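What follows is a set of structures for review.
The following pair of complexes shares a single chain, subunit A, combined with subunit B in the former and subunit C in the latter.
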Partner chain A sequence: MELFLTRLIEGTNNGVVYGFLALALVCTYRGSRALNLAQGEMAMFCTFIAWELVHHGFPVVLAIVLAAAVGALTGGVVERTLIRPLGRNADYPVLLVCIGLFLGVNALAGVIWGGDPKAFPNLVPSGPNDYVSVFGARLHYQDIAIAGILVVVVTALYAVFRYTRLGLAMRVAAGNPDSALLLGVRVNRMNSLGWVFAGTVGALLGPLIAPGTLVSTSMFFTFIIYACAAATLGGFDSPIGAVIGGVIIGIVENLVASYVSFVGDSLKLAVALVILLIVLMVRPSGLFGTREAARV
Partner chain B sequence: MSTPRRRITVVEDSMLHRGLRLVRAAAVVGLVYALPYLVEPFRLSQITGACTYAIVIVGLNLLSGFGGQVSLGHAAFFGLGAYTTGILTTKHGVSAPVSFIVDIVLAFVVGALVALPALRLKGIYVALVTLAVGLIFPALVTKFASLTGGAAGLFGVEYGAPNTAYFGGFNGDTLWHYWLVMIGLGLSCLVVRNLVRSRFGRGVVALRDNEAAAIVMGVRRTSVRAVTFGTSAAIGSLAGGLFAVTNGILTPTAFSLLLTLYLLAGMIIGGTGTFWGPIFGGFIVYYVPVWAGDLSSVDSGSNLAGVFLGAIIIVITFVLRSGVLGLLRAATGLVFVLQPRIPTHTTRAPAEHAGEAGDVARRPGGPTSTPADDLDVPVRPDASSRI
Partner chain C sequence: MTLQLRNVFAGYGAGDIVRDVSLEVDAGEIVVILGANGAGKTTLMRAISGLITRRGHITFDGVDLTRLSPDKIVRHGIAQVPQGRGTIVDLTVDENLRAGALARRDSARVAEDIDRWYQTYPRLAERRKQKAGLLSGGEQQMLAVSRAMMSRPAVLLCDEPSLGLSPKLVQDLFASLKSINEERNMAMLIVEQNAATALGIASRGYLLEVGSIAGAGDAEYLSTSDSVRAAYLGY
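Let's look at the complex of A and B:
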C-alpha cells in the first residue's frame, strides 16, 4: 500500500509537469491552431536566462519572475513575427516554422551556454527531510510547490476566461474567428495573447523543474512529447483538460512501468505514446475537447 | 512583369525540349560515373552518406511534397530498414540484397498501417500520430537489446563488394558502397517520378489540393493515402538498409526525432514537391553539420548547424517555398521559356508534366495562358499556396 501510494504520488508529480507544459501547448493551439513543438525549447531558453540571473546574484523568485516576463515577451513576438503572417489555415507552414524554432532555439542555447548541464537552486527547502509524509509516502516540498503553482495558474486562467471581458473575447476569437471579427473582437491580438500566456506558463515551469532535471539544452526533449500526449488526451482546446490529461498520463505511465515488468523504465515514454495513439484513433477530440466539424 | 527579354522559347515535347532533357540526363549520368575518378575516397564516402539521406528525403517528399501530409516519424522507417538489414545479415545469414527486399516490404506494410489512423485526422493530429510512431521505434530498439544490440549498438553489418577488377582496388568497398547508394537513389527517384506522373499520382496531388473535390472526382482516398504512405516508408527503409551496409554500425540514437527534423529541413531547403530538390536536401542534411565543425553525426551537439538550419527553415517558409530548386528554376527561366502544349480533346491527357513543366509554365512572365476553361486541364500541384 505504501509502495503503491509512493508510485501514485511519483506519477502525479510527473503528471503535473506534463500538464503544465500541455497547458502552454493548449494556449497556443486555441487561437492559432498551431502545435508549437518549440514550446519546450522556448521554456528551456527562459530557464537558462533564469539561471544566468541567479548566477549573477539575483534572488531565485525574482529570477523566475523575470524569466517568465521574457517568456511572455518571446511568445508574443514569435506570434506576431513568425506565425501571424502565415495566415489562418496554414497548418503545414506553421508546423515548419515551429520545427525551425525548435532546431534554432535549441542550438542557440547550446552556442550561448554550452552543453554542460547546470545546477539550479530550489524554490523551497528541499533537504532530505523536507517532505510531508502521507501514509508513509513522501511528498516533497518542491513537488508541492510545482503543483500549487500549477493550480494557481490554472485557476487564474480559468477565472480570466470565465469571468472577464477579455476572456470572453479570447474564447469567441478561438471558437469562431469570423464572427468575432464582425463583433469587433481583435482576433489577432487575442491569438497573440494566447502565445503570451503560453510563453509565460512555459517559462514558469522551466525554473521549477530545473533543480531536478538540471538546466541543459535537452531538459525538455521528453517533456514536450509527454505534453503532446497530455494535451491530446485532455483535448487540444481545453486548458483544464490538458492538466487533467497530464496527471492521468503521469499516473498511468508510472503504474504501468512499475507493475508490468515488460514495460519497465525503458518503455515509459512508449506508454504515453500508445495512449496518444489510442486517443487519436478512438476520440481525436480528447476527453474535454470540442469536436471539430467541417462543412465541405 | 512584362520585360520582353530575349529568351529561348522551348515548346513542350518538341525536339529541342527533348534534346535539352536528354542532355541533362546524360550530364547527371556522366557526373555519377565520373565522381569516383574526380574526388578522393574520403569525399566519395561523404557523398555516399549524403545520398543515403537523399533517398529518405525522396520518399519523404512523395508523402509531404506531393501528398501534403507531414511526417514526424520518418527516421523510424529509416531505422526500421537499417535494423532489419542489420539483424537479418548478421544474425540470420540472409544476404544483403534479400534483406533490402524484406526492408521494402516490411516498411510498406508498416507505413500503410500507420496511414490508416492518420486518415481520419487532419492537421496537427496527423503530425502527432507520426511523431508517436517515430518515437516509439528507438525505445523498442533499446528495449529488445538481445536482438538489436540495444544502446551499445549493432556491429559488423556488411555487404561485400563483388569480386571484379573495378571493385578490386584498395578503395573497393568505398566504391561499392557509392554505387549501391547511387543505384538505390536512382531507383527511388524513378519510382517517385513515375508514380507522381501516373493517374495515381494525380490522385495524390488532387487529395492534397482539395480533398473533398478529389473524392467527388473519384479518387479513392483510403487506398491512395495508404499506398502513398507505404511507398514513402518503403523508400525510407531501403535507404536505412543501405545505411546499415555502408556504415556497419547501428545505434538507436542515429534514428532519433532530431534526424526526422533534419530530414524535413533538408526537404524544405532542397525544394518541396520537386524531383531534384531532395537530392540537394540530402547533401544539406549531411554537410551542414560537417561544415559546422562536427564530424561525427547529425544527432550530436552540432550547435551552429542547428542555428543555421532553424533560421533557414523559417526564412524559406516565408520567402522561398520552392527552396534551392526554385532558385535554380528562376535562373534557367531567365534563359529558357517553356511553352506548354495546348491540351486538346483529341490527344491523350496532358497531365504528365504535373511537376516540373507545370511550375515553369506558371512562373510570372511565362506563358501562363493555358486555356483554363478547357475541362481537360488537370489539377496541378499548387506548390506556391501550400508549402
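Let's look at the complex of A and C:
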C-alpha cells in the first residue's frame, strides 16, 4: 500500500509538471492554432535568467517573478514578430517557425550559459525531513508548492476566461475569428495575449522544477513531449483539460512503469506516446476539447 | 446619417470581385441587394465591415471607413450579421449575446439589452445556458441578429439571413427584421437571394451582377419589373 501510494504520488508530481507545460501549450493553441514546440525552450531560457538573477544575489521568489515577466514579454514578442506575419491558416509555416525557434533558443542558451547543468535553489525548504507523510508515503514541500502554484494559475486563467470581458473576448477570438472581428474584438491582440500567458506559465514552471532537473539546455526535452501528450489527452483548447491530462499521463505512466516489468524506467516515454496514439484514434478532440480542435 | 459607398472595389487578392459599386443607405431605411450566387454580395458586405481590403470611398456620417479596421468600424455603429450566422458554437447563448456588446463602453446597460432580446426571441431565453452550437438554424439566426444588435448599431448589415432556413422561418425572420427596423428606426442593408421576401420589407433595392451594380430602384418597382422578375423572382 505504501509503495503504491509512493508511486501514485510520484506519478502525480510528474503529471503536474506535464500539465503545467501543457497549460502553456493550450494558451497559444487556443488563439493562434499554433502548437509551440519551442515552449519548453523558451521556459528553459527564462529559467537560466532566473538562475542568473539568483546567482547575482536576488531572492528566489523575486528571481522567479522576474523570469515570468521576461517569459510574458518574449511570448508577446515572438507572436508579434514570428507568428503573426505568417497570417491565418498557416499551420505548417507556424510549425516550422516553432521548430526553428526551438533550435535557435536552445543554441543561444548554450552559447550564453554553456553546457554544464547548474544548481537552482528550492522555493520552499527541501531538506530530507521536509515532507508531509501520507500513510507513510512522502509528499515533499517543493512538489506541493508546484502543484499549488499550478492550481492557482489554472484557476486564475479559468476565472479570466469565464468571468471577465477580456476573457470573453479571447474566447470569441479563439472560437470564431471572423465573428470576433465583426463584434469589434481585436483578434490579433487576443492571440498575442495568449502567447503572453503561455510565456508566463512556462517561465514560472522552469525555476520550480529546476532544483530537481538542474538548469540545463536539455531540461525540457522530454517534458515538451509529455506536455504535447497531456494537451492532446485533455483537448488542445481546454486549460483545465491540459492539467488533468497531464496528471493522468503522469500517474498512468508511473504505475505502468512500476508494475509492468518490461516497461520499467526505460520505456516510460513510450507509455505517454501510446496514450497519445490511443487518444488520437479514439477521441481526437480529447477529454475536454471542442470538436474543431481535433485537427491537431 | 447615411452609409455611402462610392466607386468601391474589393476582392481577395487575385483580382477584384466587387467592381465600382456605389450605393447608399439612409437613416431608417431597409435597402436590399439582390444577386445570384457568386455575384459578390458577401464580398461587398465584408468590404463594408473591413474584413477585406477595399478601394474607393466608404463613408458613414461623413466619417471615412475605407481604411479602418473591423473593430473600429463596429465602433462607428455598423454591425454585421455574417453569412452562415457566425455562431460562436462553444459559447453559451448568453455569452454570445454578451460578446455582441464587447465593442460597447456602457457595460452597465448590457444586461438590460440582453433581457430585451430575450423578450423579442423567447426561444433564446429558454436556451440561454446552452451552447450556441446546439441551437437550430432558425434559433442561431435569431441569435446572430440579436448579437449584432447588442452593439447598438446605427446600421445593420445582414448577409443572406435566409440561408438554410425553412420558408416559414424565413417569413418570421424578415417580419422580425422589419419590426426591429420600425421600432428603432434601424437602417438595414440586406443581401439576399430570396428576392421576393427581401423586397417585401425593403424600401429600395440594388441588383448586383458579376460584382457590379446592374440596376436600382424602389422595392415596388423592382418587384414588378419584368427583367427583375425573370432574373431574381423566378416567375
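By definition in this document, the second predicted complex is superposed on the first by the 292 of 296 C-alpha atoms of A that agree within 3 Å, B and C clash if a C-alpha of one lies under 4 Å from a C-alpha of the other, contacts with A are read in each partner's own complex, and residues count from 1 in each chain.
In the analysis below, a contact is a pair of C-beta atoms (placed from the backbone, for glycine too) under 8 Å apart; a residue touches a chain by one contact, two chains touch by 3 or more.
Predicted model only: the values in this text are computed from it and were never measured.
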{"item": "First (subunit B), second (subunit C), both or neither touched by A:L273", "value": "first"}
{"item": "First, second, both or neither for A:G110, with subunit B first and subunit C second", "value": "first"}
{"item": "First, second, both or neither for A:F102, with subunit B first and subunit C second", "value": "first"}
{"item": "In the superposition, subunit B vs subunit C on subunit A residues touched", "value": "B"}
{"item": "First (subunit B), second (subunit C), both or neither touched by A:I225", "value": "first"}
{"item": "Shared contact residues on subunit A - subunit B and subunit C", "value": "none"}
{"item": "Of subunit C, residues touching subunit A in the complex", "value": "49-51, 69-71, 74-75, 79-80, 82, 86-91, 95, 98-100, 102-103, 107, 147-148, 151"}
{"item": "Of subunit A, residues touching subunit B in the complex", "value": "29, 33-35, 82, 85-86, 91-93, 95-97, 99-108, 110-111, 115, 217, 221, 225, 228-229, 232, 236, 266-267, 269-270, 273-274, 276-277, 280-281, 284, 296"}
{"item": "Subunit C contact footprint on subunit A (complex, rising order)", "value": "165, 168-169, 171-172, 175-176, 178-186, 290, 292"}
{"item": "Complex contact set, residues of subunit B against subunit A", "value": "68, 70, 117, 120-125, 127-129, 131-133, 135-136, 139-140, 142-143, 212, 257, 261-262, 264-265, 268, 301-307, 309-314, 317-318, 386-387"}
